[in-house]
Structures are given as C-alpha cells and as structure tokens.
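The following blocks contain the structures, represented as structure tokens.
Shared chain: chain A. Partners: chain B in the first complex, chain C in the second.
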Partner chain A sequence: MSTSTIKSRPVHGTLVPDPTGRHHIVVGEGPGSAPVLRMLADPGFPEHPRHVLVAPDPASGPAGLAALSACGVAEIVPDVPSLLRRLDALLGGCRMGTRLYAAGSESFLGAVVKIAAEHGLLDDERRTEHAGSAARRVHCTHCRHVNEHVTANLVACGGCGRTLLVRDHYSRRLAAFMGVQADAEQPGATPALQEVFP
Partner chain B sequence: MTPAATIPVVVREVRPVTPLIRQFTLAREDGLPLPAFSAGAHVVVVMPGPARTLRNPYSLMGTSADLSTYDIAVRLSETSRGGSRFMHEAVAPGSKLAITPPVNLFPLDKLARRHLLLCGGVGITPVSAHVRELVHGCVPFEVHCGARSIEHATLALELQAIAPDAVTIHLDMPGPTMDVGSILAEQPLGTHLYVCGPGGMIENVIATARAAGWPQSHLHWERFTAPPAGKPFEVTLSRSGKRITVPPEMSLLEAIEAAGVDAPFLCRGGACGQCETTVLALDGTLLHHDVYLSADQKAAGDRIMPCVSRADCRTLVLDR
Partner chain C sequence: MTIAFKPDETYRDDFTFRNSPAAIRRFPFPFGEDVYRYAVNIEPHVRGGPTAAYDNLFDIDEHYIAECRERALVLAHDPKRCQALPHMMAAQWDTLELLMENLSTDYPEHFSLVRDGNAWHWTNRALGIEQHFVFGDAGTLPCEPLEYIGRQMQGDLTLQDQREDNLFMDAGMVTCQADWSLEFDLGMKFHEWHGPVPLAHEQGVFDRALKFLLNLQLGRPVRRLNWTMTINPRMDTSPEQYPQWGPDRTTITPENAGSRVHLRVELQSLFRLPRSNAILFGIRCYLISLEELATIPKWSRRLHRVLQTLPPELVEYKGLSRFRDTAIAWLAQRDDGAPTSVGTAPD
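Let's turn to the complex of A and B:
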C-alpha cells in the first residue's frame, strides 16, 4: 500500500468552536450533519454572526438531514455542488476574522478546503472533521483525468486506462490524491487489490 | 553565519532624510554586484567602532532590480549603544564598512490575497522594499505610515509618490493618529498584516488584530531589539576553554566575539534563533530578552540567545 509517511495527506480533527473568530461559517455533507449539530449545541459556539449550510450526500439523501432540519438553524442546500457555489460566494464577501468549519466525506472536505484556500484562508482559520465516505478523488499524473469515488488502493484510470496506485500524496490545489502507474518501477508487478478507502 | 562571510563595502552616498534618519548607499569595494535579496531582507553592518566592533541589523530599502548598491536608513538612537551614533557621526562618502549577506526574516507572504502594511518611524525601511516589490505585482496592497511630523515623513512621502493610491501618511498631533481598529476592521479574507515600528506600536497593532479575530498565520512583524545593558557577569566558554567578562554595555554575543570565538548569528535582535546556545551549567538566573524562545524554554534555563540576553549569576558555562 501507499506509504502514510507522506505529509501532504490531509489530517482532520474534531469540530470545536474557535472562540477567537468573529464570524463563523459551518458547512456539512450527509453524515457530517452529526458533527455540525454537535458543534451548534456547544455553549461556546456564538449565536451570531454565523452561517450554516448543509447538503445531503448521494448515499443517504435528504432523510439523513432530518435531525438538522428540525433544529432550524441550518440552511439545507439541494446538493454538494450548490453548497460549494454558495460557500464560494459567501467567502467572497467575508472579512478577516472569519472561521470555517466543515464536516463530511474526504472528497467534500477536500473541495471545501480548496475553495477556502482560493480565498486566502490558511490552516488556522478552518477546522475539518471527517464523517462518511473515505473515498478519494484521484488525479492521474499521466493523463490528468480525475477519478471520482475511488475506494481501493488500485484504480483503472477513466482517462488513459492505466492501472493507478493511489498514493497518500495529496494536492490541495487540485483537491485530489495522486495516482501513478502501479507497475511503473517493475512492469507487471502490481500490488494486490485492497478496499482501503470505504 | 560567521564574520568571515562579510562583504567589504564602501559608502557611496550619505543623505540626511529627516532630522533623525540618514540614508546610506553602499557598494561593494570590488565593484561587483551585491547578492540578490527579497523585500523585507536585512544586512548586519559591521562597524569598526573606536572601542570595539559594532554590528547592527538594517533593512534593505530597494529592490534586487539594481544590485550595484544597497540602501539602508539609520535612525539616530537617543540611547545609542554606539552603532547608530557611529553611522551618523563617523561615516561619510568613501567610508569603508563590511556587511553580512542579506537574510529575510520579514518576507511578504506569497499566499496573501491582499497585503496591509503598517509602519511607524524608521520602521518604514523594510516597507519601502515591500512597496517597491508590490507595485510590480497584481496583489492589492494598502500602506499606513506613521510619522512625528511632515519633516519626519520624507521616506513616507517617497513611498506615496511610488504608490499614491495605496499609501496613507498619519502625522502625530502630537500623539499617534493611526486608527488601527478601523483600518483592520474591514479587511477582506486573505489579507496579511505586516507591522514594523516602535515596540509599543507593534504590540498595539498585533493585540488589536488578535482581538478582531485575525489568526496568527496572517500576522507578520519585525522588531530588532537592541541588546539591553545590564550588570557585568562572567561566562565560561567550555568548547573554546575561555573565561570572559561581559561588561554592562556589551552584549553576551559581542563579548564572545571580542574574545575571538566564532559564534553564529543572523538578526542580532533576539528574533531569528540562529545564535541559540546551550547552557551547560548555571548558578543564578538567565535574563532572557529575546522573542524567539517560548516561555517554557526560557523557564527551563538550558539555552540562551546571546545576542540580546544576559545573566545574573555566579557561574554560567556555555557550550561555545
């Protein structure tokens, strides 16, 4: 398997309020609604000013957001692409002092962090918590095709057909993990297939 | 960095820019180009003072576009330990000095979406270099310069001529008039803040920014602490087998250098960490004046930054 000594692999934590912030934006996807609810209930989390946007994930659908809908403080967005567009527009009008919190799948968190970085947010202005799928977006370093929802250590590239080894090497700019030809060093020597990113 | 790595320079021009600040244009003695640098870099000027060698850090004001000369500005300090007085009184066109190659401890952040630069007094010198770099880029920037009065604002007026829309000058009347709170309040996401000026100004700006929710990663400041004077103390240098006395007006680093022991340094202002030295034995108290070591490290008493820190002790043995 790919090595885990690679430092670019995103490390997620637990969503807790950052009391030094002056404006708080919370985004969640599917199972990420549980950490979002937990943080909203934290007495240390300020009532205002804050924005809370949550989208269903394709697997569990809107039903998975029932608890969050019931509490009435979150805006339910139809899907992740709409949420990301809303987030982009929202950050465009924000001032220094803003904090961003995100909970959801590995792919969702990657997409959120990418948008945040484009607005100049650095590591100490955002917090992420993984909830749901660990499936990776995998960027083929040979043809640049991005393979969505990769759950195994090997994937047949949808762009060039090469068998790619999914590495821990992560690009924040692309919000994707790097995939390299699995038998590039020794033709024919491909590691065993393992489901490692459920 | 050792004294052997210095570059011999000759003073080409001396220009009084304000009642307290003189600007010096330096060129290499051998006429070759000086090393390239990025905005915010400083050099340490080695001055052959009357009693001892003086070494002070000064920011480079220009850009790497012309490496035939460097420009530095020196404010005459009321409490000069000799360096700024030497530069003002003993240095003239043709004077020979030596400098260390440039080091940048105050660079512009390449990830910034916007730069906000605040400076006061002679703290304008690194900002002069920043502005000259920023006018050629496409990242928006905003500069606020504080000065005592218009006759003290020459360098700020020069910056305003380079970037009229970006530079605002705040003159004291009589106290500082820069409204830091309102300047910081409406800055868009992705703005980086840079501060250079008197210690009180830096503390005020950084505290105001933190209170407004600015995270550490967006805050940058540069402050060269002059080594404070203190009581004399004795030090044993174990590696070189020497026993030295640090006089009241001399820093520990200067005393080590005066004893002929080669010691590393970069900023000479307690900021960079280059001169960190292991304390092998101590009977007494270390007087830490640097901003580099954490509170825990200072309390541990097992290391010292000799460029600014001293000791009140009966015994101090350093691994040097």
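Let's turn to the complex of A and C:
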C-alpha cells in the first residue's frame, strides 16, 4: 500500500455565491470566518433567506472570530459540535434549492460534507473552502477507531496501538482518511515521520 | 454433471487448498499476450469462453463448499464484510433472484428453486440448506437477502446504485478481496472507490468504463478479468487483515516460490438488475500456485514474460515488490523462450 495522488481525496474550492440557490446556509469554523465574511460582502449574495453559523476552532478560540462578531451578520455558536447539530437540524427542514457553503479546517469540512450527504444534498449544491488546519481524521482499517487531528504521515492508533500509515484514500461516509498498518510486512520498517498535514 | 467437491480444503492456517488437474485446466488465465497493460477489457458475459470457468454466468467449482465455509469464518469474525445501505433492499432481492435462478438452472444436481407466486422454496444440496420464504419479505429469511444468498456463493458481490450519472457502491458481500475495504468504500462513487488505482485514471480508463456501465442493459451482462498475486492460497487479503497476511510477502524463497506464490484472478461480471436498476458486480476469485500453473507450459512461460515487463507502478500497487524477482527466477527455469499461442486458453 502506498500513498499516492488518490482521486477520492476531497478537493476544495473558493466560496462564491451560487445564484441558482433559493435558500443559503453558510457555516464556518475559526479561520474559515474570513472566507465567510468575504462571501457575505459579495453584492451577489442574497440577504434572505439565509443562515450563517460560525464556531471558533479550538486553536484560536473566540478571539479568532472578532471581525465576524463585529459585523453582526453571523450567529456565533459556542463550538463545532453545536454547530454541526444546528446544521443537521437546518438541513433536516430544508427544501429544494438549498445551497450550503462551508469554510474551515479539513476535518470540519469533512464533517459538514458528511451531514450534507446524509440529507441528500448533491455535490453541486454545496461549496467548500479550506482555511486553517489540514489535520486529518484517520479511520483505522484494522480496529475502526477514528483518530482525530492527525498531522503526520504516521499515527499511533488510539484503538489498537498499531502505527498507521495515513493514505490519501478518503471516505465521505466516514468523513475520514484511511489508515493501514505501516510496518505490517516488516515489523519496525516504517517510513520517516513527516508533519505533512499541519 | 455433479461436481466432486473438496469440502475440507482450507484458505488459512494450514492452507490445504489445491487445484485438481481438471481445476487447473479450467482456470481463467488472464493474459492473452506476453505483455500486460491496462485496458477497458470488457466483453459480453456470454456462456462459453477459453476455459470451462466461463460455461455459466456464475461459476461453481470443486472449491464451493470450502469457500463458503471460509466466507462464514470471515463473517463470524467481522460482520461488516456484508453491508447494505437502507435504500438497497430492492437490489438485494434482485440479486437473490438472479443468483437462485442461475444456480438452479445451471446446477440442478446441487440447487433447486420452486416458485409459487411469492412463495419460494430454495434447496442447496451442496451445503444442506432448505428454505421456504416469501420473495420480497426479508423477515422470512434468516438474514437480509444479499447476505443470505452471498453466503452460498463463491466470490464477492457488490451492488451499485445508479443516480446522478454515477454509480455508488451502496451494498456488498466482500470476504475474499484483493486489498480493498467495503467498510471504507461503502457509499463511494465510481471514481472514488477506484481512487487508489495508479495510471488508469490518467489514461481515461475509468471515465470510459463508467460511461459504458451507466448504459449496461438488462439481460446483457459483461465481464472482465483482473489479477494480482497472493502468498499462500489465502482468500481474505483485506486491508482489515493486512497485519495477518502482510508478513507472508517476506517469506518467499527459491525453494518455496512454486508452492506458495499464487496467481490470483478475478472473473468480474456486471449485471443490470431489473427492479432496482442497480448493477450487480460479481468478483469471482480464482487462485493457482506457480507449480500448478506450470503444468500448462504456455501459462508459466507467459506469466514469466508478463512479470518481467510489468510497469513499476503496477508492481508496487499489486504488492509484488518483495517477491517478484524470486517468482521471475522460478518461472525463468520453465521458460524455454518458445513463442506462445494467441489467446488465454491452454495449449
């Protein structure tokens, strides 16, 4: 098993308003508040109906959202889990024409896309922009434990203790990258540790 | 014709799986030339082909009972090897119907199906199973339809839902796979689950294959072959079990290569399903040791030449790096340089 340029890996773009939408939901996490602000300032972005929810990321905390708070255009939610619950409820009541915009860390975008898929939102009904940490959620193929906030190519699995190689293969259903034992063929023969997802 | 099953063979621990001379001759050898490259090598899945493995749409052979027992062992250890998303129930019934119809028609000595409206009576004499059930009512089977019939099949099955001009792998029974995970890939689109495959994306192979499959017609199934190599006759080479089988790759020597290195061939078949409009993907796995293969000189000559010319990306992706040279050396002693005849059939 090798790490390579794998097509299942999510590709993020830039948040721009989708004029075909009739109901807009915008969610942001920490540094994602900057792309959210930029899009809200776009004259093409409708004022109604829309929901804008932003949560602080654990690293920078509420201070990182000062600019957004000052504008008064977004609802500040205490943390990401609360935001995801709100998003789940909002999408549960959404209608045709809903558009979802998300900006934040790789893990945050993964969680948002997973919820969107569970509500049947199509790929072209959502837009994502990466801002902040590239740390990954990593699903251990052997014990199925999900390791949060993985920043290196190798991680000691919190479930089974094996050293996992983090592959680029990504499951939207699990909102996680694949981890497989790095030294299964030859114990101890692991590649060099590299901080690749800061 | 009654098949002489070999019910005590094993695919783990003492690995007593072997191919009889007749099973060797019916092996679906995958290389039509001395060089292998990727291609959308899809052809109609019609009865009849280079060997007897192509005689029926779903091939049952001497390993049937042993392979079903191996599947049950895998499922007992890891029930998530069989999963179906909730919207796939119609496709599950389509699959059960297609398989029961074909098995009972093609192997009447071993299987029978009697239908009275929705009241069905299924008999599998090979495994000693008899089941009365109501078609369409999952409560009348001991488990969901895909698992029920999948436990009585050789080879893996996946079910692809068709929507948004794409195929989604939304169900499967996967216990003898070549290093991919149903639990991880469940719900993925066509290009996503093929994500890890090297070279083929750039060559447009998956774009063409998807376009072709979206137009797959009812009653006109297609097939292709895929291959890799496995150490020992081990069916379960899943990523889940990689810690168990990965070390085998370091154990190959000139002395044991002939008995332990196996060519692993998948006869992959694709069927449009009538009610659900889903696609059934059958992945029927065949294993043959180099020693067994060399009883057909054309095949060992050709495998030798294919391995020598395989692109490095494929050597790495197929996991051959640690033992390819040893296998080539073993095969080289059985390659006299004579030309090989066209096609895959044994001489």
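Criterion: the second predicted complex is superposed on the first by the 190 of 198 C-alpha atoms of A that agree within 3 Å, B and C clash if a C-alpha of one lies under 4 Å from a C-alpha of the other, contacts with A are read in each partner's own complex, and residues count from 1 in each chain.
By our rule, a contact is a pair of C-beta atoms (placed from the backbone, for glycine too) under 8 Å apart; a residue touches a chain by one contact, two chains touch by 3 or more.
As the structure is a prediction and not an experimental result, all values here were calculated from the model.
Student: Between chain B (first) and chain C (second), which, if any, makes contact with A:194: first, second, both or neither?
Tutor: A:194: touches no partner chain.
Student: Let me test your reading of the model: by the given contact rule, A:82 touches which partner, first (chain B), second (chain C), both or neither?
Tutor: neither
Student: Applying the document's definition of touch, where does A:122 land relative to chain B and chain C: first, second, both, or neither?
Tutor: A:122 sits against chain B and chain C alike.
Student: Contact-wise, after the overlay, does A:98 reach chain B, chain C, both or neither (first, second, both, neither)?
Tutor: first
Student: Kindly classify A:8 by the partners it touches after superposition: chain B alone (first), chain C alone (second), both, or neither?
Tutor: second
Student: Contacts for A:20 in the overlay, against chain B (first) and chain C (second): which applies, first, second, both or neither?
Tutor: So A:20 only meets chain B here.
Student: On the superposed three-chain arrangement, identify whether chain B or chain C touches more chain A residues.
Tutor: Here the partner covering more residues of chain A is C.
Student: Which partner does A:60 contact after superposing on A: first (chain B), second (chain C), both, neither?
Tutor: neither
Student: Would you tell me the residues on chain A in contact with chain B in one complex that are also in contact with chain C in the other?
Tutor: Residues 117, 122-123 of chain A touch both chain B and chain C.
Student: Please name which positions on chain A make contact with chain C in the complex.
Tutor: Contacts found on chain A: 1-2, 4, 6-9, 117, 122-123, 139, 141-142, 144, 162, 167-174, 178, 180-181, 184-187.
Student: Can you list the chain A residues touching chain B in their complex?
Tutor: Touching chain B: residues 20-23, 91, 94-99, 117, 119-125 of chain A.
Student: Which residues of chain B touch chain A in their complex?
Tutor: 111-114, 184-191, 210, 212-218
Student: Using the touch definition up top, name the residues of chain C that touch chain A in the complex.
Tutor: For chain C paired with chain A, touching residues are 164, 179, 181, 183-188, 191-196, 198, 201, 239-240, 242-243, 246-247, 249-250, 316-317, 319, 322.
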